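Below: one structure in structure tokens.
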């Protein structure tokens, strides 16, 4: 089985898992309660908001990893992989921001709050966008690849900062993946969450592979055109 | 043909390839140049001339193949090789806000040249700029800049001089001066020159090379070249650079 | 080898200083920019008048001015090298690439510090007269300024080396530089605030922010140092 | 009972909005990439045919 076929399989599986998680979120996972005992419906957003956010951090790591690999080998295929990883990161980052803003409005009464997690994540969004702005302003292909790799490595530093900031600084952002006592998730909630997380990571991988396949095909097309056109 | 302190051949280029993606700037370039020769490299825009010189001067690494300059590998012996090569470009490569003397002293420091002050004075005299040594180079004419840049290139007594279209932008008078300067140092240096000007390039060279699409189309000693046929070959490559 | 690297480091730094003393290009443009920023701050603060304790926003205002000011200097410092292809001559010489990085960073740090030191009293003169004085020792301010400027000029030098080769270099440098600097700026403002406002526990808070700055400096400079050879060789 | 669920209704639009957004974005992305993939594959087959034709006419 080749990579493209695996990617399509993972895509279908990821789709099924996320759909299952979606249904479980609303029909199985027990409701979270507000301090006054009423049901907190907005908490349902978390079952997808968090997996998307985790996926964005993880995929962004590959930007830095392929950046390092590119600089060490100067192999253009790594540059392409880093670029695609950043693209998928951008997709997840924007989704995280959008769902997060909706939840913030419900829970905190405002669309936006400059608190550490939101701020650092916003900065990460800007860095991901800056990565593409940088790429677009370098004409020479190799320079573009080297600069993008260097910037990707530097930019990734913000990801762990944003991830751990809720533990270091005074943040009002809930810590879902705290482990142990404070996450306070009951079994059905936790299982739903984990399934959504796995599904989302599979989707992330599938997106990445599909885009990679597309870029490789594009390249083959270019090569063919050169052959025909002379 | 003169002698330099190089042991072995001035240039040994084997299967030199420089590629990024589908486009190949250099594609299996091979040739050898004896010590003390004067090589002129011709070719249309985008043929890979600048890339070739950048690799030979250690500014770029090859993707495949090897190149030895003065018997030193451009990748593994880069630092040592940098002591042996000089570059004269159409760009002066000088700081406009430093004086002539400061510019040369700065580069002397970069090369770790002993008794730098004397060496710089001598060189300024030989390119007839000693009277302007305390002026910042922003005030210099194109010809004066080119003379100073020759002095810069000769500071560390290189064995091989690379010339990247040194005549472009020079008035006839400055060209004459450049000619005589090259003639003066011709004896104990190997030259590699990129040129657009066929007449000038052929007049100076002992070996000629035509590059097109990153490949060597023609490489030979000048004595073996029939000029008419050479011009014809060169003309046929023009336009090949743009694939 | 180490001896010659040190000589080369000094030569590059000296060259940048001589050029700057001759043209005053960077210091003038950065200094004027700082003063212009203060004029704009005056507009921004004018309606708030006496109701606002300027000291509370001053740390932020200072660092906003400094970070944007530094962009000017960083850009300039590589335009010089690029102008007549000098960078190629530099790379052609037997110099270790990191030496270029450290020398250019040191030059940028020096110019940045000079303008910071000049503009800070002006800032105090224009905005802080008649306000409560600073109770903590003043050298604490010097510590933050130095530590944060090290990070700014180090990472800035790496990024400016890239952006000088791009279209629209000035804007691009801001786009890539400012978000990368966020953690450092946040800590610098925190430390400056602790230094200026004072009060119980402020010195501890100050040093807590300083550990952030020091950590950022060390990590970022190491990465920038590691990346420099690739970037300048591209 | 009603009391317990009184917060659900005002919160619902935001939750629906969030999930709607996620689904639209995911499906949209997949759809976009697949449509582009199809187009490129088509283009490749056209160019490949051209290459073959040429090779035949040359030989």
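Chains here go by letter, A, B, C and D, matching the order in which they are written, and residues are numbered from 1 within each.
One rule holds in what follows: contacts are C-beta pairs under 8 Å (C-beta built on N, C-alpha and C of every residue); 3 or more make two chains touch, one makes a residue touch a chain.
The shown structure was predicted, so the numbers you read here are calculated from the model rather than taken from an experiment.
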item	value
Nearest-to-centre chain - CA centroid comparison	C
Chain pair showing more contacts of the two, A-B and B-C	B-C
Gap in Å, rounded to a whole number, between the CA centres of chain D and chain B	54
Distance between chain centroids, defined by C-alpha means - chain C, chain D (Å)	45
Rounded Å distance, chain B centre to chain C centre (Cα mean)	39
Residues within chain A bordering two or more other chains	142
Pairs of chains, among all present, that meet the touch criterion	A-B, A-C, A-D, B-C
Complex interface listing, chain A residues touching chain C	71, 119-120, 123, 126-127, 130, 133-134, 137-140, 142-143, 146-147, 149-151, 153-155, 157-158, 161
Of chain A, residues touching chain B in the complex	74, 76, 141-142, 145, 219, 222-223, 226, 230
Contact footprint of chain D on chain A as seen in their complex	11, 18, 22, 34, 37-42, 44-45, 48-49, 52, 91, 94-95, 98-99, 102-103, 105-106, 203, 207, 210-211, 213-214, 217-218, 220-221, 224-225, 227-228
Chain B residues within the chain A interface of the complex	20-23, 61, 63, 243
Residues of chain C that touch chain B when the two form their complex	4, 7-8, 10-11, 15, 18-19, 22-23, 80, 83-86, 88-95, 233
